[in-house]
Structure formats: C-alpha cells, structure tokens
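Each of the two complexes below includes chain A, the first together with chain B, the second together with chain C.
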Partner chain A sequence: MNNPILSVQDLTTSFRVDGQWRDVVRGVNFDIGERETVAVVGESGSGKSVTAMSIMRLLSPGNSRSAGRIEFEGKNLLDMPLDAMQSIRGNRIGMIFQEPMTSLNPVLKIGEQITEVLRQHRGMDGAQAEAEAVRLLDRVRIPSAKQRLNEYPMNFSGGMRQRVVIAIALACSPKLLIADEPTTALDVTIQAQILELIKTLQEEEGMSVLFITHDMGVVAEISDRTVVMFRGDVVETASTAEIFREARHPYSRALLSAVPQLGAMTGTDRPLRFPRVDMSSGEIQSPPATADTVRADAPPVLKVDNLVTRFPVRKGILRRVVGRIHAVEDLSFELRQGETLSLVGESGCGKSTTGRSLIRLEEPAGGAISVAGQDVRGAGHSDLTKIRRDVQMIFQDPFESLNLRIRIGDAIAEPMITHGLATRRNAEAKVTDLLERVGLSGDMISRFPHEFSGGQRQRICIARALSLEPKLIIADESVSALDVSVKAQVINLMLDLQEQYGLGYLFISHDMAVVERISHRVAVMYLGEIVEIGPRASVFENPQHPYTRKLIAAVPIADPSRRQRRLATADEIGSPYRSADFVPPKRHYREVGDGHFVMVDASEVAA
Partner chain B sequence: MSGYLFSRLLQTAVTLFVMSVLVFGGLHMVGNPVDVLLSPTATPAERLEVIKSFGLDRPVWEQYWIFLKNALTGNLGNSFVFNQPALDLILQRMPATLELAAAALLMALVLGIPLGIYAGLKPNGWFAKSIMTFSILGFSLPTFWIGLVMIMVFAVQLGWLPSSGRGDTVDVLGVPVSIFTMDGLAHLALPAFNLALFKISLVIRITRAGVLETMQLDFVRFARAKGLPEKRIVTVHVLKNTLIPLITVIGLELGSLIAFAVVTETIFAWPGMGKLIIDAIAVLDRPVILAYLMITVVMFSLINLAVDILYSVVDPRVRLEGN
Partner chain C sequence: MTDVSKTASVHTGGKTDKSRSHSVSPFRIIMGKLVRDPLALTGLVIVSILVLAAVFASVIAPQDPYDLAQLDIMDGRLAPGAESFTGMTYLLGTDDQGRDLFSAILYGLRTSILVGVASAAIALLIGAAVGLLSAYAGGRTDAFLMRVVDIQLSFPAILVALILLAVLGQGVDKIILALVVTQWAYYARTIRGSALVERKRAYVDAARSMALPDRRILFRHILPNCLAPLIVVATMRVAYAIMLEATLSFLGIGLPVTEPSLGLLVSNGFEYMLSGDYWISFFPGVALLILIVAINLIGDSLRDILNPRREG
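Moving on to the complex of A and B:
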C-alpha cells in the first residue's frame, strides 16, 4: 500500500493491574488504505477494542500506556499533546461504539449532542450548526429530522440511536471511521440496515473504516482486509477473501469453523454439532452425526393451545387500563421428547414472554398449556412445583443467573434438595457427576461463580437445570452472550445431552444461524404471533411468510464471495401496544408442506 | 401534569389530617398546660376559669372537632402564652428562619458542588483527600460544638463577627430581610455557616460519588471520542447527570434545614421559628406546637413537589403522573 491513512506500527498497550503492568495488546501492526475497510476480528479478551481505544487514546492515562507508533496523516498520535488529539477526535477520526443505548447522554437533547461537535470542530454558530444537524440526521435516514432534534435519546429506538451516533461521528467528514462492534447490540434486521448505511456513507464520503467485530458474518459482508486477533496478538492479516478461503493460522480456522453459517444445513433434517478444531495444528474434525432423538411415537411433552399473555398499561389518577401490550397472542404449538423447537424473532416479539408464561413466571391471560399431560394453568401450588421440576430454564446472562455469594456446588444442589431428589449428604456426589457431564471437573464444586469464564458459567447453569432430571429445558437466548468458539462448544454440549437424556428444548433465540444448527422445528414470531412454523429444513429452505424471508435475508453471510447489497431502509419493528378495547382478529394458517404452516390474511382464506 | 398536581394535593391533605390527629392525641397525653402556665398560688376558681377559656373542659374529641373546624377556616387557635393567633406568631418568625436556611443552602451548593466535582475528578490527589477528610469532620462533629467554637474564635477572640441575634433589617414587600445590610450579613455569616457545615459535607460526598460514577459511563467516553474538551464534558455532560441525585437529597435536606434549625438558632440567639417551638414545648403551648408541625408538613410537601418538578426538568426520562 502506497499511502496508508492510518498506520499502526508495533503497538503495545499495557494496563496496570494491582500495581503490575500487563500487556493486553502486543506488537500490533496494520495499515488502512484510503477508502479501505479493515476488520479487526477476535473474541472477548483478544484486545481488539483496546487497539481501537489506543488509536483514539481513550484509555485512562493513569492505568494504561501505549508504546509503538500510530501514524495518521503523517503524525504520530501517541506522542501528540492532548489538545491536538482533541482536534483529531470527532473531526478527522470519528468513532462509534457498541451500545447505542448508552453512547448518548440521556439528559441532553439529540440536537445539542450533534451541534456541540459542529461548534467545536467546524466553528459554526448556533443556527448554522442546527441546519447542519438536520442535514446530518437526513443523511442517516432519520425521518422528520427537524422535530427530532428537540427530543431526548429515550425517545429513540436502539437502531435510531445508533443512527444518531453515526451522524455525530460523521459530522465533520472524517477521513477514518472507527466502528467498535457497532451492530452487536442490535436486532438482525436493524443490523443489516446499519451495515448498509455505513457502506453507503463510506462510498459517499470516501472515508476509510476500521471495523471491530467478533462476528465473522459481518466481517465477510463489510471488510476488504481482515486482522485476526487472539489474546492480544495479531495472528493473521490478509485480504478478507483469502482468510475465508484459506486461513493459515489455526486460530483463524477455528474461529471460522465455529461460525454458524446460514444455509450450511441445507438438505439435512437433524441438528448438527460444530466441528472441533485442534488449536495447535488447526486440524478440523468433522462432527459425529446426530442421532434421531425425536420421540414421534410418544405424546408431546409440551402442548400449548391459543396461549395469550398481555400486560396492561395504566394511566391517570384512577389507574385505568388504557391499553395492553399484546406480548403473546394466540400461540399454539407442540414439543415432543427429544425435540428442539426454536422460537425465533427480534426483540419485543414476545419469544421470552412465551417461555416465561409456560411455567407461569408470567401469568397467561388465556389459552391452555400442558406439560407431560398436566394442566399448567389450572395447577395449584404443589402441582405447579412439580411441573416446574419437569421444565427448567437457562437464561441469557450466565453472570446474572448465578448468585455470586453461593458456591456453585450449593447452587446446583439447592434445587435437588428442595425437590427432595437428594439429601444434603448424597448431594455432593450427584453434583460432581453433573459437573463432569457438562464438561467441568468435579473438584470445582466449592468454587464461586467469579472464578469461572462465561462459557463455564453457562455450563454450570445447564448442570443446575439438569439436576432435576427435567423433561424440557427452556433455553432463553442461552448462547447469545457467549463468544463464537464457546457458543459452538455449548451448543455441542446441548446436543450431547439431548441424545443422552432425550431432553426437549424450547430454544429461544434471535440468531437465525444458530437456530438452523440446533433445531428440529422452528417457529418464527413477530409481534406476539407465530407467523410461520414448521420443520427446520422446510422453513429455512422454503420460507413463506414475508417476515421470515426478511429475517433470513438480513443475516450476514460468512462468505465474502456472496456479498449482497440491500436497500438502505429505515423500517422499525412494530409495536405490540393496542388500545384497551382492541379485539385481535382471528388468525388463519395455511399448510404449505408437511407440518409447515404459515399465517395468512383473512382475505386469502376467503379466496 | 394536572392529574399529578391533584394527586399530590390529595396526599398533602391526608398527611395533614393524620399528622393533626397524631399530634393532637399525643399532646393530650403529656402534661397539663394549666399546671405550667398558672402560678401555684392561683385559686381553684381562677384555675377553672383558665381551663374553660382554653376549652380544656370539653372532651378531647370535641376539642379536636373545634380545632378541625377552625383549621379549615385558616384559624389554628390562639397561643396560650401570648394570646395571639398561633399562625401569626409563627409567620412573624418565619422570614428569619427562611433567610438562615436559604443562606446555609446557598453556601452548601456554592462550596459543596465545586469541591465535590474536584474530588470526583482527581480522587487520588492530596487535595481531594483533604476535601474528603474535611467532609468527614463536617459529618461527625456536633453542630452545637462547632457553633460554640466559631463564637469563641470569630466573635470573642478575633472580634470579627457578632455572636448573636439578627442584624438590621430592611422591609421588602412587608417582610423584614437582613441580607441587604452589612450589619445583617455580618450577623448572618456565623449561624449560616454553622448550619451549612453538615450540608456542605453531604453535597461534597454526593457530588463526588455522582461524578466518579458518571465519568465511567459510555457517553463520557463517546463525548471524548467526539473531541470535546474536558471542561465541556465535565460541566455539561457529567454535571447535569450528577444533579439528579443531588436534587433529591437537597430537597429533603432543605426541609430539615428549615424545620430543625433549632440548635443553631438557640446557640446564636437567632429569632427564628426554631427558638419559638422550643419555648412553646417548654410551656406546653399546644396551639403553637400544633400549628408549627402543620406548617412543617405543608413546607415538606411543597419542597417535595418542587423537587419532583425540578427532577422532571433535569431528567427527561421522568414523567410526572398521578398514582
């Protein structure tokens, strides 16, 4: 490359931990050319974000230091005085962060947060800056920009906030945009919009982009060249096409093989484990075939008929119900022993509420639920306890679902003792056995949760759920917070356990690619309703409902040769709020294949 | 908003009612004002006369009923001692107390917020550590002791400031105010600082905690990435977020400043409401005690209302709604 915009040379960043300096990024080298997009990819702890923060010098000066050289427009950023650095930040280099919900100051108006940059770097006065802010919001496709300047961040959805953040980052037409996981916290259709927006703006502005991400799908979609980081080191730098075609470093290969790829399962009916990769040699072991675990002969372990859950919205002095959130609306499905049914949809579609309603963590407003033939809605206190033994939940955040002050052995033993499945005396042997079954070691029994990594904690949660010998496990976004390679391992574990115990899984997820990997059947939810349900192969290969198609099309494809452009729209996900007197219309489904149903309009039924 | 105001008004009315029942009942259980007020040499006839004139011969419920009827017309009864309406007595003393409390509050904010911000920005510096040590002293040393020491040093030994009483006043809209005369300010300085000391410490600690917490948040990092100078980040982005917890605490503390400035007023012989209520309790002047507590309730309710409204101004996420 002749003239790189940004050249990172031998960057080493250290943090001071307990008085000791520890390198978190070692000897990083890469260049970004004009109009080029470079992705830095890696899992948590790889140092990718620290690299980005080092370039912007945003790390706290007392507890961190960077050595090496970061050349930008002919100057070394690392030895620049702070005020010169301030005139580069937000002006020559724009930056956006992962969390749109927290990147904006909640108590300042959007307009103020945009214009302050314009006044700072471009010396505009109030009126000029305001006019420019309107233009910027228009550019990131925020409708009725002028009115929205006077609103606060709380009035914006996550996707809209990320647009505002992008507008701020691009306010001064920077040469370089650093995007640190800008779409990780967003829904998949919103992610597709934001990626498209960044690409479009990059072309219009002619800027370069440094894209930090853990998602190989996003890498394949957006970047020209890719830098793979692993525990603070750059292990491979190459063009994105090359990395995906023939990655040289074993870690790059491991990372790639752990990426669930949408469409990888075409032509198979059963779930499939992820291949195992040897980290030193990079050799890939193809996974063993999955046994057929579905007990089609036995009655379903879970049967849901016309389930409805609504949350009242009250207003005024008398707290009258003025409307309801129709979180779950007229849902019916069955789940057999040994079967995995995935509920898939975007945030607010009611998939988690469905899971919670099944064991009455939320009280349903209508419909019938039966678990192993027992009626859930009519169950009294002791019956409900029995039902809850059969149905266990695993949540998204393994950090929050374990009590930090309870040893994990006690956490796993507690439900067994409560339900009389073990006594205090023989609990320890059972816990040791469970820990080994989920791939941990029995001698970890007296450790506290903070001594484990995220993946290990999720294994502990699985062991805790298994301790009651449940028939059904509701896994609510259970692998969403995990790193790619850890995610693959936990999914493999879940499939192993399904084979061993004949467990049924209700797998609640927003991640289409993971859903394709793990499920036998899939139900797509939108605004509290199932819009399409059927065998996984049928739904993915022959999606019928427009929303299912949109969802599948929005998933980034981890293959740079199949890059696609989408329309830069600004659609929002609808709201399930309805007024109090709203009577939901009757739902009609059409069977399009063997057990594959799609929701249709009433008009279509009549025709 | 109107629904919100209405429900707050209702709450205040209920609080006033409950308070009046409790205080009325309570006062009737402790001592007999006639024993305190009348000289031991009074004849039984005189005694009966006084009891009758105070209305103490009637059953308690009837006394309360009369009080309630009068209260609704704005008459909270006459002081046993001064034979003047209790409300007037209190309102006469009120400007002095409000002035003292306002001066103390102003000192707490003007000194506390900047010191707190500094301590939050540079938590490990020697100056920040001295500020925090000072604030611990402010918390833990008893007000009356500091008041006495201040009189010793500034009034007795140095002779800079007067030690007691209120200075010259000027009438502003019919209300006597002392802050517009040099003499008045000189008299106000010591008691106001004495009263403010605890609040300064409180404001320092809350501001420091708020700044420390806010500086860690994502939007501060994003503001830096926007290239904003540190000064703007602190004074606009951080300060406005720190104000939110500050307003809550200040609101509660302002109420206690006004209602319970008793100690400071006693030490510095400040002619405010605190001194009046202490005297009234000593002679069991029931109407004054009752009226004072009623006014305290109203004041607390008003301050809380102001806090809530301020809150919704500072924090757009707060919506005022009746419940």
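Moving on to the complex of A and C:
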C-alpha cells in the first residue's frame, strides 16, 4: 500500500481512573488505504471503540490522553488544534455509531438534521440543502425520500434511522467513514441491508471505511483487511482471507472457533459443543459429542395449544381499546424432556412474549398451556407456584436480571428457601455446589453482582435457575448480550447441564447461527406466528417458508471466500398491530417432512 | 461518552479480578463519597456538631431555659457577653425573660431536630408504604391513592399545618403530627415513581418467575432499589420540616412559650429588634440558618452521588 489515507502509528490511549492513568489501548499500528475497508475486531474491553474515538479525538481531554501519531491526509490529528479538528470531523471523516435510537435528535425533523450539516459544512442555502438532503436519502435507499424529510426520528424504524445517520455522515463526501458497530443493534435481515448499503456506497463514493465490530461474520462479509484486538493490544493484522484461512495468534483462533457458522452442522442431528482453544499453544481441541438426551418415550414436558397473547392499545379519556398488538397468535408446539426447541425470529415477532406467557408473566388471551401435565392458564396460586418451580427463566441481560443489592449467595439461596428445597442452614453448601457446577468458585458466595463479568453473571443466573431443580428452562436471548468467546462457553455449559439433568430448553434467540448449534428442533416466528417448525437439520438444510429462507440468507457467513452480494433493498419488518375488530384468519400448516411443518396460504389448502 | 467509560471499566474490571473475601456495603460507599466532597463534608461536620450539641444540651448549657425557677427577670435583655448578678456570663445575651440565649438555642435545636427528624421518619414510613402499594397494585388502587396524594399536595403545607394546629392545640406531638400530614405525600409520590421503574426491570421478572411471594419481592427486591431517591428527598424534607416548624412557632401556634424552639425565640425577640436588642432574634435565626444550609449541602451532594446516571 503506497499511500494510506489514514495511518495509525503507536497509538496509546489512557484513561484516568481514580486518579491513576491506565492504558486502555497500547501501541496500535495500522494503515487504511484508499477505497479500502479495514475491520477492527475484538470483544468488549479490547479497546476497539476507544481506538475509533481516539482517531476522531472524541474522548474528553480531562481524563484521557493519546500518544503516538494518527496521520490523515498528511497531517497528525493528535497534535492538531481542536478547531482545526472540527473541520475534519464530519467533513473529511464521517462517523456512524451503534445506537441509531440515540444518535439522532428526537425533537428535530430528519430534514432539518441533514440540512443543518449541509449549511454548516458546505455553505448551502435552504433550497439547495433540501434538494441535496433528498438526494442523500435516495442514496441510502430510503423510499419516498422527499416526504420523509418532514418526519421525526420516532417515525423511523431502527434500520431506517441508521440509514439517516449514514446519510448525514455522507453529507460532506468524506474520504473516510468510521463505523462503530453500526449493525449490532439491528435485526439480522436489516443488518444485511445496511452492510450491503455500506459496501455499495463505498464503491460509489470511493471512500475508505474503518469498521469496528465484535462479529467475525460481519468482518468476513465486509473487510479487506482485519485488525484483531485483545485487551488493548493488536494481536494480529492481516488480510481478511488470511485471518480466516490461517490465523496465527491463539486469540484470533479462539475468536474464530467460537463463531457459530451457519451451515457447519450439515449432516448432524444433535447439538454440538463449541471447540476449545488452548490459549498458550493455539491448538484447537475438538469437543466431545453430545449424548442423545431427548426422551422421545415420555410425555412432553411442555405442550402449547393455540396460544394467543395480545396487548390492547388504548386511547382517549375513556381508555377505549382502539387496537391490539397481536404479539402471539395461535401458537402450538410441544417440548420433550432433554430437548431443545428454539424459537427464532426478529424483533417484534413475539418470541419473548411467548416465553413470558408460558409462566404467565404476561397473561395469555387464549389457548392452552400444560407443563408436565399441569394446566397453566387455569392454575391457582399454589399450582402456579409449583409450575414456576418446574419452569425457570434465564433473561437476556445478566446485568439487569440480578438484583444489584443482594449478594449472589443469597440470590441463589432465596428461591430454594422459599420453595422449601433448602433450609437456611444447608443452603450455603447447596449454593457452593451449584456455583461449582456452573464453573464458578464456591468462595464467591458473598460477593455482589457488580463484581462479576457479564458471562459470570449469566452463569450465576443459570445456577439460580438450577437451584429449583426445574424440568424446563426458558432461555430468553440468554447469550445474546455476551461476547463471542463467552457465548461459546455458556452454550457449552448449557449443553453439559442438559446431559446431566435431562433439562428441556426453550431457547429464544434471534441468532440463527447459535440456534443451529444448540437446537434439536427449531420454530421460526414472524409477526406472532410460527411460519415453520421442525427438526433442526430439516429446517436449516431444507427451508420451505420464504421468511425462513430470507432469515438464513441474511446471516453473515464467517468465511470471506463465500462472500456474496445481495440486493440493496429496504424491506421492513411488518407490524403486529391490528385494529380492535380484526379477526385473525385460521392458519394452515403442511407437513413437508418428518415432523417438519410449514405455514401455507389458505388458498393453497383449498387447491 | 458512555461507551468509553463502559469500555474502560470493563477493561479495568477484568484486570482486578482478585478474590475479595468480603464486599463493601452500599452505605459505606456512599459515606466514602460524601466525605470526599468538601461541601458535603462541611455540611456533615456542622450537622454532627449541632446534633451532638442538641443531644447533650443539658450537659453543655449553663442554664436550663425551661426551668422558670432558674430564670431571673432582672437579667432580661442583657447584651451578649454581659454578666448577671450571680456572676454568670451570658455568652449570647438573654431574652426578655432573662433566659440565657446560648442555653435556649441549644435546647431549641434539640426540639427543632427532634421535630424535623421524627416527622420526616414517620412521614417516610407512611409515604413509602403507600407509594410501594400504589406502584405494585396498579390499576384502581393506584389511581385512588395517587388522587389522594394529588389533593394533599394541592394544599399549601403551611395552611394545612395551621388548620391542624388550630384544632389540635400546642405541643411537640401535635406539631409532629401536623408535619407528617403535610409531608407524607411527597414520599409516596417519589417512591411510587421509582418503584414503577423497578417493577419493570428484569430482576423483578426473574423473582416472579421463581414464584417468590409478592411481599418478599416488594420489600426485599423493589424497596432497596428505590431507597436512593428516597434518601435524597428525606434529607431535603428534614430541613423543610425544621423550617416549617420554626415558621409555625414564629406564628405562635407551634410550641408553648415555656419551651421555646428556635422559631419561637426569633419571634420573642422580634418586637425588640427595632429598639436595638438584635441578639434575641439574631442568634437563634443564625443557628436555624446554619442547620438548614448544612442539611441541604448534604442533600445536594447525596443527590449527585445517588444519581443512577453517575453511578460508575
């Protein structure tokens, strides 16, 4: 590379924490060439975002400092005065952030937010700026751009907002675009659209892109070269193809082996553990196969028939019901002991509401649920208590689902004591045992949740769920918030526990690749309905419903040699809102294989 | 900016993974932060001194200002530093009854602090119970209780207290009751707000999904997480209650003349202000001012420390 656009040399950034300077990023070196995409990949705490913020000089000068050189167009950004930096920021270098919900001002119209930049940086007058804004929205493929200029951010979906943010970043035709986890908060089909959009725009505008991400799949899709960061250090820099073919550093290998690869499971029936990587030698140890845990002979532990959950939308002084969110609509499935059924779908498809309805955290509006033969919807207080013991839930955010003011030992002991499974005296021994079973140490018992990392907290939540000796665990996006390597460990743990206790899992997730790894059976949900359900191998290898196919196609493939271009579309996920008098049509399913059902149109059934 | 601090804390968090055998309680953390804020520390020191002085008033004070037998009308309205016939020095002068003002202020502080803290504590208990119940029950119960709170808050506190005291008569217990009636609604409103937020958090769902009893969820899980704003409100309200009590006493309907609180002392000296005997009103007024400012300093700092957005 002869002439890099951006050259980062020996960048070291430190933060002042409690009066002491700590290096968060140490000696980072990399170049970005013209029209090149470089990905910086790493897990939380790796310093990848701090690197991006240092380049933009967005860190607060009081408690952070950067040393080294950041050369952009021949000038060192680090010793540039701040007002000169202003003319580079947003002008020569554009930036897009992770959270499209907060990076737009909610009280200003979209049009104003774009034209503001154009007037400021490009000196346009009102009419010019508006015409340019329409052109920009067209470029990021927002349909009927002219009308949408007068709308507020709240009228835009997450994906559309991210398009607007990209349009603003493009307003001054930057030479370099820094994208800090721009698709992390988005659904997988929307993520595919945005990635495609960034690729297309890069070609059209001739920009270079610095792409910050934690997702190796995204890296494989988008970047020419890749910088792998680990705890503030760059551990490997190479072309993306090379990293995926023969990563040298043990950490890069560990990261890669922890990435679930869609399609890696072809030809197997059972779930598969993630391989472990020895962090000193970099050797990959293939995981032991899982045992056959499904008890096909016993009656199902969970049986759901025509479950319906709706949320009324009220308006006016009289709070009349003007419409309903049909979160769960006519859902039926079964789950056997030792089996993992995954509910997979995008945001708003009702998968979480389904999980919550099963133990009546949300009150269902219709249908029947039975847990180990016990009717849930008709259950009185004491029966419900029994049911909530048999069915445990693990939530998405391990930072939220533990009470910060209660020591973890007490948090795990509390349900056991309440349900009479332990006395105050023997609770401690049981808690110690549980902690060790989930891979933590028994002497952590008197610590508070804030002293643990995300993965450790999720293990604590699992220990707490296990303490009640449940038959079924509902895992609601339980690994989604975790880093890839931690995610792999927690999934391995869940598979171990399934073998040990014969647990059934209802695994709720949006992540197709993880679902492929862990499930026996899969149900694909869209707008509150199951559109396809069946054995995992059958659904993934022979998807029948168009939505299932779309979902599978949208997952980034962690293999740069299989990179594919998609159409730069702007389809949105539908809304489950219906008017109050809406009567849902009857659903029809067709069996396409052994236990593999697909929803079909009523017209097809008649034919 | 949040992203950066998160990254930083995760990073340092990973490094300091040494096993600590015991953990620091939230109370110690808060106290530690309070002490590090110079303004709060000043407030804390002043309040501690005033509280100690009030508690040990009977030991420190040269005279029992409530014991009429010890008062000598001949010593009335002596200037600060004057000596009595018996050879006693009146540090801050005397009032029209010949009461040593220094002693009277110490005893007055005791009454003021007692009234302020007791009324705030009782109002907190009642308000917290109502607010929690309201948030957890929701629906009609919530609507009813909150309308009661609205009505209560729509009357000026001083008016309600005036009416109550006019009906009940004078006395420490009566004035505490009047202050509780005027204050509980603030606590109810505050705790309901935070309980509504907490109720939606995942840890409450987790507790419900493990079928823990409602009582336990309410008091062991939700309540401790609502305490932060409550503590801030309580601190500010103690100061307000002390002020309200002083106002009522000043108006002559709070405490009996024989047991003057700070407000009553100010009131007693009021008529002599223009004749140059400023000290009778001035020193009790200053004591009141210092107490209230000091409490508010602590309250302000607590609000900053307990603000969840700043919690590191």
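As a convention for this text, the second predicted complex is superposed on the first by the 607 of 607 C-alpha atoms of A that agree within 3 Å, B and C clash if a C-alpha of one lies under 4 Å from a C-alpha of the other, contacts with A are read in each partner's own complex, and residues count from 1 in each chain.
The working rule: a contact is a pair of C-beta atoms (placed from the backbone, for glycine too) under 8 Å apart; a residue touches a chain by one contact, two chains touch by 3 or more.
Source: prediction; values computed, not measured.
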item: Which partner reaches more residues of chain A (counting touched residues only), chain B or chain C; value: C
item: Touching partner for A:Asn403 - first (chain B), second (chain C), both, neither; value: second
item: Partner chain(s) touched by A:Arg319 [first = chain B, second = chain C, both, neither]; value: first
item: Which superposed partner A:Gln120 touches (first chain B, second chain C, both, neither); value: first
item: Partner chain in contact with A:Arg22 - chain B first, chain C second, else both or neither; value: second
item: Touching partner for A:Ser87 - first (chain B), second (chain C), both, neither; value: first
item: Chain B versus chain C as contact partner of A:Leu384, first or second or both or neither; value: second
item: Contacts of A:Gln285 with chain B and chain C, given as first, second, both or neither; value: neither
item: First (chain B), second (chain C), both or neither touched by A:Ser103; value: first
item: Contacts of A:Ser446 with chain B and chain C, given as first, second, both or neither; value: second
item: Overlap of the chain B and chain C footprints on chain A, listed as residue numbers; value: none
item: In the complex with chain A, residue positions of chain B that touch it; value: 3, 6-7, 217-219, 221-229, 232, 236-237, 240-241, 244, 314-317, 321-323
item: Interface residues, chain A side, partner chain C - complex; value: 15, 17, 22, 24, 44-45, 47, 49-50, 53, 59-60, 64, 98, 180, 231-232, 356, 359, 361, 384-385, 387-389, 391-393, 395-397, 400-407, 414-415, 418-419, 441, 443-444, 446-448, 451, 453, 461, 464, 468
item: Complex interface listing, chain A residues touching chain B; value: 56, 58, 83, 86-91, 94-95, 97, 99, 102-108, 116-117, 120-121, 152, 154, 165, 168-169, 315-317, 319
item: In the complex with chain A, residue positions of chain C that touch it; value: 1, 3-4, 6-14, 19-23, 26, 201-203, 205-213, 216, 220-221, 224-225
